Every structure is written in C-alpha cells, then in structure tokens.
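Look at the two complexes coming up: subunit A is in both, with subunit B in one and subunit C in the other.
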Partner chain A sequence: MKATQGRPFYLIPYYLWIALFVIAPIALIAYFSFFDLSGNFTLDNYKNFFTSVYLQMTLSSFWYAFLITLFSILIAYPTAYWLTKTKHKQLWLLLIIIPSWINLLLKTYAFIGIFGLYGPANNFLETIGIGRLQILFTDFSFIFVAVYIFIPFMILPIFNSLDKLNPALVDASRDLGASPWTTFRRVIFPLTTGGVKSGIQAVFIPALSLFMITRLIAGNKVITLGTAIEQQFLVTQNWGMGSTIAVFLILFMFIIMILTGQKEKGGSANGKTR
Partner chain B sequence: MKELIRAAIVLIAVSALLMYGVSFLERSTAKSGSGSITVYNWGEYIDPELIAQFEEEHNIRVIYETFDSNEAMMTKIEQGGTSYDIAVPSEYAIEKMKENDLLLPIDHELIPNLQNIDPYFLDLPFDPGNEYSIPYFWGTVGIAFNPTLLEGQTFESWDDLWNHTLEQEVILVDSAREVIGMGLNSFGYSLNSTDPAELREATDKLKEIGPNVKAIIGDEVVEMMRNEEAAVALTWSGHAADMMWINEDIDYIIPEEGSNLWFDNMIIPSTSTNVEGAHAFINFMLDADVAAQNADYVGYATPNAAAVELMDPEVVSDERFYPSEEIRDRLEVYENLGLEMLGVYNELFLEFKMDMQ
Partner chain C sequence: MEKLGKPAKVYLALVFIILYAPIFYLIFYSFNSGGTMSSFEGFTLEHYAAVFADTRLIIILMNTLIVALLSALVSTAIGVLGAIGIVFLRNNKMRNAVLSLNNILIVSPDVIIGASFLILFTMVGIKLGFASVLISHIAFSIPIVVIMVLPKLLDMNHSLIDAASDLGASKRDILTRVILPYIKPGIFAGFFLALTYSLDDFAVTFFVTGNGFSTLSVEIYSMARAGITLTINALSALIFVVTMGLVVGYYFFNNRARQSMGTGGPRP
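Coming up: the complex of A and B.
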C-alpha cells in the first residue's frame, strides 16, 4: 500500500463511503448479471435483454420518462420564474416543497381516491356537464401523478438559477431594444439552462425507473424498467436478469448525465438556496 | 457553527433517550411472558383479537408481521435476519421450502387439536403425513362480478371474460400464475403445464382479452369492487368474500372449466427460536372456537371440521366458498414448477402486459 501523503486524511471517510456504498453495489450488480438461475456463468441475460419484450419496454420507459420531464419543465419554468418575482419567495418555495415531505405511496393512494369513478375529479366533471370518465388507469392519470410527484425537483434548480440571474442583464437587454420574448430567448433562458439540466437529471432518471405508481395509478398498463426489476428480484427470484436490467438502467442514466452535464457555472444541482 | 453543534447535540440526546425508552419497553413486555414468538402471515389474514387472546392465555408475546407474496416471504426467511417462528405459505411454496431445508418438523403430540381438521385436508401430496405443515385456510380462484353494473350479465366459464360487452371492465390480479393459469384453464389445459406450445397458446389467447382489461392490480381490487368502480375481477375466493361483506350485489363463481384450489398452511421455519411457543400457537389456532371466530373474520374457508359445526350454516353451506368435494375434484392445486418455469410464466405475463399498451 502506498502512503496517502499529500492527501488530507479527512478524505478517508469520503473514499470509504464511495467505495462501500457506490462502487461496491454497482460492481455487485454487474457481477450478478453474468449468472443464471443455477449460478452458472452466462451471457444469456444480456441476450435476453435484446429480445423484443425488453426492448419495447425500454422504449416505452423512455417515452413516458420523456413526457413526464417535458410536462414538468413546461409547468416548472413559468412557476419558478413567477416565484422569483414574488415578495415572499422563500415562503412560496416552502409551500411547493412541503408536499415532497409526504410519503410517495401515501400521495399515490390519495390519487386513487381523487381519480376514482366517484371521486372528486369525476364529481367535478359531472357538475360541469361532461359526465363521468375513466380517469384512473389511463396514460393521463399516470403522467399527471408522476409530474405532480416530480415537480418540486424541477422547480428548485430552475428557481435557483433564475434567482441568481443578474437583473442588470435583463435591464440591459431591454434598454438595447430587445422585445420581452427576445430577452427571454437570448438572455434569460441561455443563462438558466444549467438549472433546467439539473432539473432534467432529477426528474428523467427517477422517472425511468418508476414502479408502484405504474401498478396503482396505471394499473400495469404502463410497464417501466423499474417494474421489471422489481418482478425479477421479488417474484421470479432471477437476480441475474434483474441485475442485467439494472446494468442497462445505470448505463442509460450515465448517458443522460453526460448529455446534461454542466461545464460552466449556472444552476446548482445541490439545491442551495442561500 | 455553534448553533449547528447545539442542534446536533439536542438531536443525539433525544435519539438516545428514545432508544433507551424502546429497550426499556421491550424488556418490560418480554419479562411478563415466557418469551415471544414472531408470526409471519399474509395481510388481513387473522382476527387481531385472537392474537391478544393467545398472548393472555399462554403468556407469550406475539410479534406479528405480514407479507404479500409467497416469494417475498421465502426470500426473507432464507436471508435469516428475523427469526420467524410461524409462517403461512401456500402449498407449492411449502414444497420448495422443504427442498431448501427451511422447515422444522412439527410434533403432532403437541397439537392435540389436529383432530379437529377435516381429513380431506390432511396428508396432501405437497406434505405427506403433515410432517411440516398444518392447514390454516383454503380457497379457490374465480370470477367476482357485480351483475347490477353489467345489465344482469352472469358468468359461468372463463371464456365469458372475453365477451365484447366487457370492454374496459375486467380487473386482473397482478400475479403470473393466476393470469396465465386462466388462459390455460380456458383451453382445458393443466394449471401446472410446462408445455411451451400450450403456454404459447394460452398467452396468445390472453392477448385478445387486452381491450377488456381495465387494470392489473393487487389487493386494491377489493376496495374498487366494493365502491362499484369495477364490475368484474379475477380474484381469490376470500377477496370475493371481503367484497360481498360490504357490497351485497357482488357474486362469485368458480368457472366450469376448472380453476385453482389452494391451501395455506402454518409452518415452523428453520429460523425459529421458540419452537415450543410456535407449537402452542398452532394448537391454539386449531381450537374449534378460535378457528370459527377467525374464519368469520377473515372470510376464507376453514379446513377445521369442528369449527365448521360452530359456524353459521348459511355460510358453510355456500358452495361458492365451501365447494363440495365433487367440485373440488375438478380443481387443481399448484405444483412447485421450479424457478426456471416460474421465470417462463413471468416472461409470458410480461409479454401479455406489454401487448396491452
């Protein structure tokens, strides 16, 4: 062993943590993915992943994660922008964050009631003359609930980067004759892409591996990679196949991290709010 | 910084106090009895009053935990961790646990109430001589439906679920063997089929039911049927009984082509640290009065003949929940097909789910 001279010893806990709880689990997942049910070394799991069922599932996972992220941005950006203009920023921000303190399953169960055939949502539709619709177990309900759950994670980074934006730049743009739209397009948005990227990371990646909501809200009519992993580990007890799907999920996440990686300053991913 | 340290100290002090409190509480309850047993059971599968009664009569504290699938239960027992003294797996899971040496033999001398059990439910193929397991409840898989929501439509066979009038009405249970089994049964094939051609045929037929499927969910189905959110469900007999308890319009049938007959049984896992207490618990649950009260509460069929005598004759003569031996002979018990086959069933189930999208 080499002496760690030059390296401050207080980094040891950090390295230990990374080795034990980040590298070791990933290595184990990669290791397990090469074994079949009877513990023999095999590449069949990988071959199996490239069959139509799993490829189709990967595509649909990406599609739904994309929709969830898109709607999150569409709602979060204006909200974050409006937040920076209000008087009591921190209070409003708190109100947006508070729902994320409530357990995810609890919120999901609440939506089963709200979207139910005789729930408040349908009572409202009935009153305004549209009549009762099947809301639960549709794509709409799935995306709605997922967006609701993820939205705080999109608003926070966007809010941070908008809040840090120097108002003088916006004034300057106006003084030089830019229309509000041009100001937004050429000044505000480019300077806050960092926040948007962090938001995408915080929403798209977990959305890829959503499960539970797929059953409770979408009635298993939406199948994501997360559902498949859960099934392989808990029901089929095929740890090899479950690990293989997990390996691909990690790969996809890695690619997304690179694509949305940050080179310059801008929004902070760690949600620092001063 | 000072504030941070102060906050940290307060947090640590409070946690330490709470931990001490917990250990104190645990010690005081443990002292009052001759130890404790940990019971691992399905959710909603016992009358909680009976646990209290057992604790009082035997001075044994009961730690009660629940699971929602045989597979999850087995995984947890296999990993050790918690020393469960009682678990209630289904028959095919018992076969598998036996193979993996996860069971302790049961001493029949310590369970005099075993005589209460209907001999039909003893000495079954999955556990000859009941060496490792004692029957707890039994039931079937079938169709629960609400005729008032379906213009009086009724059901007799599995094929009725494919009827075009049922678009977006049918709820399936999120379990591979039940759903693929429905496909197999509709062709008259065995529920334990391992023939790839038969399984393929069943899956292809299942894909045609896609437009009728409203959702594939778990226990939530009970609430949805009660609230008339759903009209038809593939479900277990006990779930159907739960539904009817609240909503009297609901009916339940066992399709004529046949279906699954299952038995849940009490076992003592090899992790047990209080084997004596576990025997006492099994014997207690087999007592005629206790079993009758439990069956009343849970809604599944009890194999306890002495308890059946004590129960409402209207309930125990209901062929939907206590099918006669003649009907039972038409039904099939799941066999342990091995992990490979379980994997195949699950892949097919996944294929069916993906096809619905």
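Coming up: the complex of A and C.
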C-alpha cells in the first residue's frame, strides 16, 4: 500500500469545496435565520414560522408534494415494470430519460400553450363535448406538470431495482402456485421497495421546493416552501425569514432522507444515467 | 422471457406519447407563422431567423455554453481527484463522513443551494454575475462527478496499483497511467452529467445571477412570464436537436468504451 502513504495533496481542492460550498452555506443559512430585516438578533422568524400562515403553507406544500409523489409512483411503477420486460430495455430506458435532459423551463413553457384556453387540451375537451375550461392556473395543471417533470426520476430507480430482481424468485413463486397478483404483492413489490424509496427521495424533496412551476403554471395560487423562500430572498429581501423557512426545509429533507434511507449503500442509486 | 400483453403495450405507448408530446408540440409550433401556440396558420422559418438575429439571445446562449463547459471541466477535475482521495482514505468513519457531506448538495433542493450561495457570495463580496454563476455551477456539479467516478474506482483491483508501484512507477505515473485510464468511462459520464446539470439548471442560477448576466433558463423564464413568443419554440427545437446529438454521441461513445473494456481491459 505504498501509494496511500502521505497526505493526499489532491484532496485539498475537494476539501476546500466541502468547507466552502457544503458546510459554510448551511451554517450561513442557520446564522441568518436569527436576524431580522434591520440586522438585529431575534427569534421572531421562528415565532413567525409557527403562526398559522406559515404552518398552513407548510402543510399545503407537503400535501402537494405528497400528491405529486403518489401519482409519480402510480404511473412510474407499471411503466418501469413493463419496461424491464421489453426486448431492448436499455434503449427504451434511454428514451424515457431523454426528456429529462430537455431544459425544464422549455417543458414547463410547453404546458402554458397546451393548457391554454385555446390549446390542444381544451380543443380536445371541446370535441368530446365538455367545453373549454380554465386548466392553466389550477391545482390540476400544477400537479400534472410536476408529475410530468419528475416521472423519469421515479421510473429510473424503480427500473433499476426491478432489473436487479432475480427472476428465479418470481418463477419459484409461480411454481408454488401463487397468482400473478400474489407474486407481485408478496415477492416483487417487497423486493423493489428500495427503488421506490430512492424514487420518493428524488421526487418528494424537490416537489417541496418547486417555485418555477408554481409561478408559471399555478399562477401564484400554489405556494410551496420553495416559492416562499424565493419570495423572501428575491422579492421581499427578508433574508432572515427566508433562511428560517430554508432551515425547516433542510430539516424536512433530513427527516425524509432518514425515513427513506437504505441499508445497502448504492452509490449510483440517484444517478441520472444509471 | 414473457411477452408483453396488449394493455401493457398500450400503457407504455401512452407514457411515451405523453413524455414526448410537449416537446414535439413546441417544435411543431416553432414553424407557425400565426404567432400563437394554438392555431397553425402556415409554415415559416421566421422564428428561427429571429433567434439568430437576436444578438442578445446569442450572447446568452454563448454564456450558457461557456458556463456549462467551464464548470463541467473544473468540477470533473476536482471531483475525480476528490473521488481518488476518498477511495484512499483508510479511516472508514472519515470516509463515510466525507461521502455524506458529498451527497448533501445532490439531495439539497435547488432553492436551498441558490439561497445559501446568494448569502455566501454577498458575504464574501463576489459580484453577482458570470463569476458567481460559474462558481455555483462548479460547486453543485462536483458531487455528481464524484458519484459517477467512485463506483469505477471501487471496481478497480487494488493489485493493479501494487503491481505498478512494485514495477517502479512513481505516484504520478500510477495516477496518469493506471488509475485515470481505468476510470475513464466514469470520468466521461461525470463530465457529461455535469454538463447537463449546468445546462439544465434554473433555480440556482436564478438566485445568484445579477442584472447584467443571464443564462438560457433564466432568460426563458422571464420570456415565458411575459407570455408566449414563438422565438422560444424555435430555440427549444434547436436545443432539442443539439441534446439529441449529444445523447446519441454519448450513447455510442459509452457503448464503445464498454466493449473495449470487455475485451481488452483498460487501454494504455
């Protein structure tokens, strides 16, 4: 092990990065959460957070994130399951991932047109006799677009865990007389919860902090934690309150990470391409 | 292998249609002379002409590309060295701690990264603009590179390094002639991902960009808030073509790399 002797000098830039861009920013957020607009030390921001306005916002943010995650799982799981059964599954998977490489803003912008008053969605509704509706700036459009954006990140980990599943287990279950549904419920699903958990991590936390989609698609009707932070930092310029909300968002993030944490260390579980 | 039933095929087809419909919808209306995204009046290329005539937009496009390339290069360099360092950390506790710190920025919501970097840059006194955007992009790309490179490094047989040092290779030789060639696919994957993260980023850039500097995402955001302009559609069609080119190129590169890894081991 000669090569490992001595302090590895090449770790210096990396450690610097950790200190400057991982530890320092979090410390600064925590620090700023104790100051009010005029720079005085205060606990008011925390007091404010526990007033009904912010609690309600937090709750609704969680509710939306929950719905987005739920619909993502419901759509992604069958997709991933059947994808693993296709002939050129890696190619199909690549085709699922490609839309996630198109700029987020462009996809969101497309929905402004699609859900518009004279857009294709409304044209369709009119031809089937429902008539034109206000789709844009509703909860439906917000959740639809968010699920659309996140779906590849849910499919990917589920696909990976399904792909790793030993087919002999499924065969054994069938041979022992289990119905396809029982096999799914008792064998396949329990063995792929790891992928579902990674997917929840990859969807729920970003869903809590969306702000661009709420502005463009939900027309400021939906306020998520992310929207609130953006508002405090860039509009009201109240960094203290913004930091306080950010502190709570970080806390929620850690709680979700612990809840969905996995025993096996899968380094690339959240990677985009694998 | 069992065959897919009809419902499964229909379902998959539906998912694919919904995934791609918005993108093709955008591209389709980029040829519309009508100026809206609802009624197609006639074929025109004027919106493409508008993209290339708009020097401001071209400058923003260049900014975006420069930031993406520079940040991907720098973050790949730092990330690869970091990953090598992590693998050689002998203390397991230390290694896990470093890895957890590494992953914080990956799981952090963009808003948090943006807001905290905004505070950081203001405190340190870095002017918001090109520098702050570039630094933030480097910062959030480093952990991704580490994550992409690490599995390759862990895969590597340690006796390769021992053999090289027994044969008299210097530390530098071991790094450049043994380790780096072996983990090359991981490095390229990391570089490519860093590139796409940078090109795709909106939230972080939105926080740390000043008045004078803008990237494509931020520009599209302000254009979209103002309403529908088919210039964005033309732009998105161009971006789609470039992205597809990159993906196809990457796919073939990766496949070739995998094949060469399979047959001949690492190349000199």
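Here is the rule we use: the second predicted complex is superposed on the first by the 247 of 274 C-alpha atoms of A that agree within 3 Å, B and C clash if a C-alpha of one lies under 4 Å from a C-alpha of the other, contacts with A are read in each partner's own complex, and residues count from 1 in each chain.
Here, a residue touches a chain if its C-beta (ideal position, glycine included) is under 8 Å from a C-beta of that chain, and two chains touch if they have at least 3 such contacts.
Owing to the predicted nature of the structure, the values given are computational and were not obtained by experimental measurement.
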Query raised in the report: Does subunit B (first) or subunit C (second) touch A:215, or do both, or does neither?
Result: both
Query raised in the report: First (subunit B), second (subunit C), both or neither: which does A:231 touch?
Result: first
Query - First (subunit B), second (subunit C), both or neither touched by A:32 - result: second
**Report entry** Touched partner set for A:182, first subunit B, second subunit C, both or neither
**Finding:** neither
Requested in this report: Please indicate which partner A:79 is in contact with in the superposed arrangement: first for subunit B, second for subunit C, both, or neither.
Outcome: second
Report task. Return first, second, both or neither, reflecting whether A:223 touches subunit B, subunit C, both chains, or no partner chain. Result -> first
Report task. Check the contacts made with subunit A and report whether subunit B or subunit C touches more of its residues. Result -> C
Query raised in the report: Touching A:40 in the superposition: subunit B (first), subunit C (second), both, neither?
Result: neither
Requested in this report: Using the superposition on A, tell me which residues of subunit A are in contact with subunit B and, in the other complex, with subunit C.
Outcome: 112, 116, 118, 215-216, 234
Report task. Could you please specify the touching residues of subunit A with respect to subunit B in the complex? Result -> 37, 53, 56-57, 60, 112, 116-118, 134, 136-137, 215-216, 218-223, 228, 231-232, 234-238, 241
**Report entry** subunit C to subunit A touching residues, read off their complex
**Finding:** 1-2, 4, 8, 11-12, 15-16, 18-23, 25-26, 29, 36-39, 78-79, 81-82, 84-86, 88, 90, 98, 101-102, 104-113, 115-120, 123, 139-140, 142, 144, 146-148, 150-151, 154, 161-162, 165, 171, 174, 189, 192-193, 196, 199-200, 202-203, 206-207, 216-217, 220-221, 224-225, 228, 232, 235-236, 239-240, 243-244, 247, 251
Report summary line: Counting only contacts in the complex, subunit A reaches subunit C at residues 1-4, 8, 10-11, 13-14, 17-18, 20-26, 28-29, 32, 75, 78-79, 82-83, 85-86, 92, 94-96, 98-99, 101-114, 116, 118-120, 123, 148, 151-152, 201, 205-206, 208-209, 211-212, 215-216, 225-226, 229-230, 233-234, 239, 242-243, 246, 249-250, 253, 257, 267-268, 270-273
Query - Residues of subunit B touching subunit A in the complex - result: 69, 71-72, 75, 168, 171, 174, 176, 213-218, 220, 224, 227-229, 339-340, 342-343, 346-347, 350-351, 353-354, 356-357
